[in-house]
Amino acid sequence: MIGTWIAAILTLCVFSFLYKDNPFYRFAEHLFVGASAGYLLAVQWESVLIPNVWTPLTKGHDLVVLIPLALGLMMLARIWEKGAGIARWSIAFYVGIYSGVAIPGYMQAQIFAQLADAAKPWPAGWAAVSSALVFIGFLTVLAYFFFSLPHRGVHGAGARVGIYFLMVAFGASFGYTVMARVSLLISRVQFLLRDWLHVLPG
Amino acid sequence: MRRGPLLVTFLSGVAVAALYFIPHHKAQALNSKLLEWTLVVYAFALILGSLSLWGSHMKKVQNRAEGWGFSLVTLSSLVVITVLGIWKGVGEGTPVGIIYDNINSPLASTMFSLLAFVIASAAFRAFRARSVEATLLLITAIVMMVGRVSIGPLISPHLPGITEWLLDVPNLAAKRAIALGVGLGAVSTALKIILGIEQSYLGRS
Amino acid sequence: MTWVRRLLAIDRRIIFLLVAAGVILPLLHPLNLPVTVTPRVKAAYEAIDALPAGSKVLISMDFEPDIMAELMPMSVAVIRHCFRKHLQVIAMTLYPAGTGLGERAILQAAKAEGAVKNKDYTWLGYKSGFQVVMIGIGENLRGIYPVDFYGTPLDNIPMMRGVNSYRQMAMVVNLSGSSATDYWIQFAQGRYHAPLVVGCTAVMATDYYPYLSSRQILGLIGGMKGAAEYEALIGTIGDARRGMDAQSLVHLIVVALVIVGNGALFLSKRAGDSGGAATGSMTR
Amino acid sequence: MLRSGFVTPALDTRWFDPARWNILIGVILFTSFLVINLLRARGRKELYVRPIAGSKALDEAIGRATEMGRSVLYVPGLSDMSEVGTFAAITILYRLAQRVAEMGCDIDVPCYDPVVMTVLDGAVREAYSKVGKPDAFRPGCVHYVSAQQMAYVAAVNGFMLRERPAANIYMGSFYAESLLLAETGAMTGAIQIAGTDKVTQLPFFVCACDYTLLGEELYAASAYLGREPVQLATIIAQDWAKALAAAAVVAALALAALGHTALMQWLGVA
């Protein structure tokens, strides 16, 4: 009950930004920043530091855990100017791991899987026209994103066509994005009208 | 000075990339372990970040800078929720869970829904058919907006089919080329990092 | 042509009011416009519908409250469909704040369809780290989730017997509003070949068409509209279908604004004044 | 009792997954493209990369901020170190911060990801040192805001309205926040330059910003800004890979039409 009122008031505080920047919005903004930072910190404590460091160390006497713990503490050294050099080791490890994951991951899901599909034989009949268009679109958009040649001649013409394909794709994303945002607004209004003001049936 | 960290990046990167090709269960267990460690590093980085947030708002309060009272709101909510969360947990039904449902969650979804208004106002003032490209974008967007919702088939029974075709053909073609380009960009960045060519993340070009 | 100039310089707050009215009025006075089902949602429905009774389906609800408007109705509809087909649902989330939502979705669906905990569904709850969890499930589910959300060891849950990786699951359904979907494609599908159905926000939907074409994902439910279609397919009325009238109306308003804005600019240009200048910094 | 039903699936003991040959070959090929071009770059000074409009505008924006005596706001995207866009954001900021330090104006970098914050802080400090002005660096100009998307947006929007930076630069991976940030920025009249590899967000940036780098142009810009042969070489290596990919698709289609499906199958991921 009180929760619904608080939520409703905060909702209105944020909506007031549409009129102009004002102390209500500013209050909501600052509350939000603090609350979310605190929440994320507590979540990391509960879902990472306790199960992945504390429990294995104290219950399982798993000394391997000291490695990530050391890396984490080295990261914290960044608090001091002089600690930058120490924190670099943790960053190096972190970045290395994610780079290593990225190489085969992207190679497979975004390169080979897409090439394999692009190389599928075309169906017969009218559907072949669509397949041909997908094929042309694929090549011309690639041409647009080809940086080491100036956009001239055949390549230039291809890139021109490519940009049209890009624009249609952007338009489609755009339309869908409008749809998503409107849905979120509908849900907020449903909350205000139903859960708070009770003018809509449950 | 930076040779050590570069070696760490190289070794960890090569190891994880190689593990992708090795289905042996021990290799996969090692893979999971390495990924788990990054979570711990992140958790500590978040502590560091929160200290940075604390510092910047604390400075405002100490200097009595314009709007310092608002900074107090940030500072106190940060402390209260961190302490409550560590003490009582963050799940459903805990104090922090309840705070999350009634403060964070409505604030986040309302911020998000502001977009619907902003889009409408931008639609009127900024989405201009200034060139062939922009016109193409706008026409596609309009067809999508009308064709994908209930009102579409009432205007023309062909509209949903047209939107599906737009998604399946030109959209697919462009998105595929983009996926390929982004994929290559990602692989090349990752390679540059592992090979030590890209060092900006260590604060050096 | 002063009226054109005045129109172009209209206060943005008037537009905001227009949008607000477009949302509120149809919610108060529904028009009940019909919902047409699009092929990709149908494909998702059929992929799940074709599974034999008793198959295990992993449903990961990777979203937080901010976008629950789109994904919550979808989750309820998909889970209800699974229960109707007597599929056993293993549900989880990759977002800490998704814990409450996921549980709410599954309880709501279970109540509506009379499904029973540990027999028809298991709620595993939250674990952090996208890649870690997805690879973990591929290798050893119990390593990631030794117990379910309520602390029951998986070995003591009847429906979880013999289930320890994607290999024992007939399908993975990812309902997400983030890049988690990319990782499900890369890992669950790419690395472990689990059949994958995706439900996502409308914004993300167009990005996944290449993966539909390549059959990396079998069906795609996009946004609140997708959820409304799914509700229509299983014959229920939820929040998604209730919101669809407002959705249509606001879309029409946005389209009208684009057309009027461009029309007015065109007219003012023809009249010889630089109509764009009056509209503020946005028209650069 | 219930335990008896559990069957441990056979543990995998293979040391190589033969289904992944194609990926391995792809990685090796691409690595060699990169190495070849790096060697070429070392041998010759001039490698051609087409100019990217938005990257020139960055200098102009810093110039304007300096003239007006106001700051530059740099938003490095809302993603972590696993995203390429973030690396582009780091490299671009490193170059930009050097210009900012030279011109003597102020920069503010609010961060979403704490690890990215640490990295950016190092990069900006280094940039100030590099142009010989380490003392001009203002500690705290790179700061963490929130790893919750909308909290971040709320704070940055508030900052734009109250501090009125003269230039807003958005580089990196952006999601739903793009239009909220860019519209608010436009309201303040700041000059705005954006670049993102998240194509869904591009229409919004295109509409609300003065210059926008489209998709991959973001990566190219980070290389182009430095005009270092090593960076340019990677763009060319990527172009080679694109050409090879296009050729492979054409060849696979042609061969399949003639009845040879081997190439098509080889491309398939198992």
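Read from first to last, the chains carry the letters A, B, C and D; within each, the first residue is number 1.
One rule holds in what follows: a residue touches a chain if its C-beta (ideal position, glycine included) is under 8 Å from a C-beta of that chain, and two chains touch if they have at least 3 such contacts.
As the structure is a prediction and not an experimental result, all values here were calculated from the model.
At the far end from chain B, in terms of centres built from Cα atoms, lies C.
Per-pair tallies of C-beta contacts place A-B first. In this assembly, the C-alpha centroid of chain B lies 17 Å from the C-alpha centroid of chain C. In whole angstrom, the spacing between the mean C-alpha positions of chain C and chain D is 27. Rounded to whole angstrom units, the spacing between the C-alpha centres of chain A and chain B is 3. Here the spacing of chain A and chain D, counted between their Cα centres, is 13 Å. Counting partners per residue, chain C has 16, 19-20, 23, 66-69, 96-97, 128, 131, 190, 203, 206-207, 210, 213, 225, 247, 250-251, 254, 280, 282 as the residues that reach two or more other chains. Touching of two or more other chains is recorded for residues 17, 20-21, 25, 28, 35-36, 38-39, 41-42, 45-46, 48-50, 53, 67, 90-91, 100-101, 104-109, 111-112, 114-117, 119, 121-122, 126-127, 137-138, 141-142, 145, 148-149, 167-168, 171-172, 175-176, 178-182, 184, 186-187, 189-191, 193, 201-203 of chain B. Counting partner chains per residue, chain D has residues 20, 23, 27, 30, 80-81, 84, 115, 118-119, 122, 125, 144-151, 154, 162, 176, 183, 186, 199-200, 203-204, 207-208, 215-216, 238, 242, 245, 269 touching two or more of them.
Shown here, the protein chains touch in all possible pairs. Taken in their complex, chain C has these residues touching chain D: 66, 155-156, 158, 161-162, 164-165, 167-168, 190, 193, 203-204, 206-207, 280-282, 284. Listing the residues of chain D that touch chain A in their complex gives 20, 22-23, 26-27, 30, 47-50, 80-82, 84, 115, 118-119, 121-122, 125, 144-148, 150-151, 154-155, 157-158, 161-162, 176, 199-200, 202-204, 206, 214-217, 220, 235-236, 238-239, 242-243, 245-246, 248-249, 252-253, 256-257, 263-264, 267-269. Chain B makes touch with chain A in their complex at residues 1-2, 4-6, 8-21, 33-51, 53, 67, 70-71, 73-82, 84-86, 89-91, 96, 98-117, 119, 132-134, 136-145, 148-149, 163, 165-184, 186-187, 189-191, 193-194, 201-203.
Across the interface of their complex, chain B is touched by residues 3-4, 6-8, 10-11, 14-15, 17-18, 26-46, 48-49, 52-53, 64, 67-69, 71-73, 75-76, 78-79, 84-85, 88-107, 109-111, 114-115, 117-118, 130, 133-139, 141-142, 145, 162-179, 181-182, 184-185, 187-188, 191 of chain A.
Across the complex, chain A is touched by residues 13, 16, 19-20, 23-24, 27-28, 66-70, 96-97, 126-128, 131, 182, 185-186, 190, 201-203, 205-207, 210-211, 213-216, 222-225, 239, 242-243, 246-247, 250-251, 254 of chain C.
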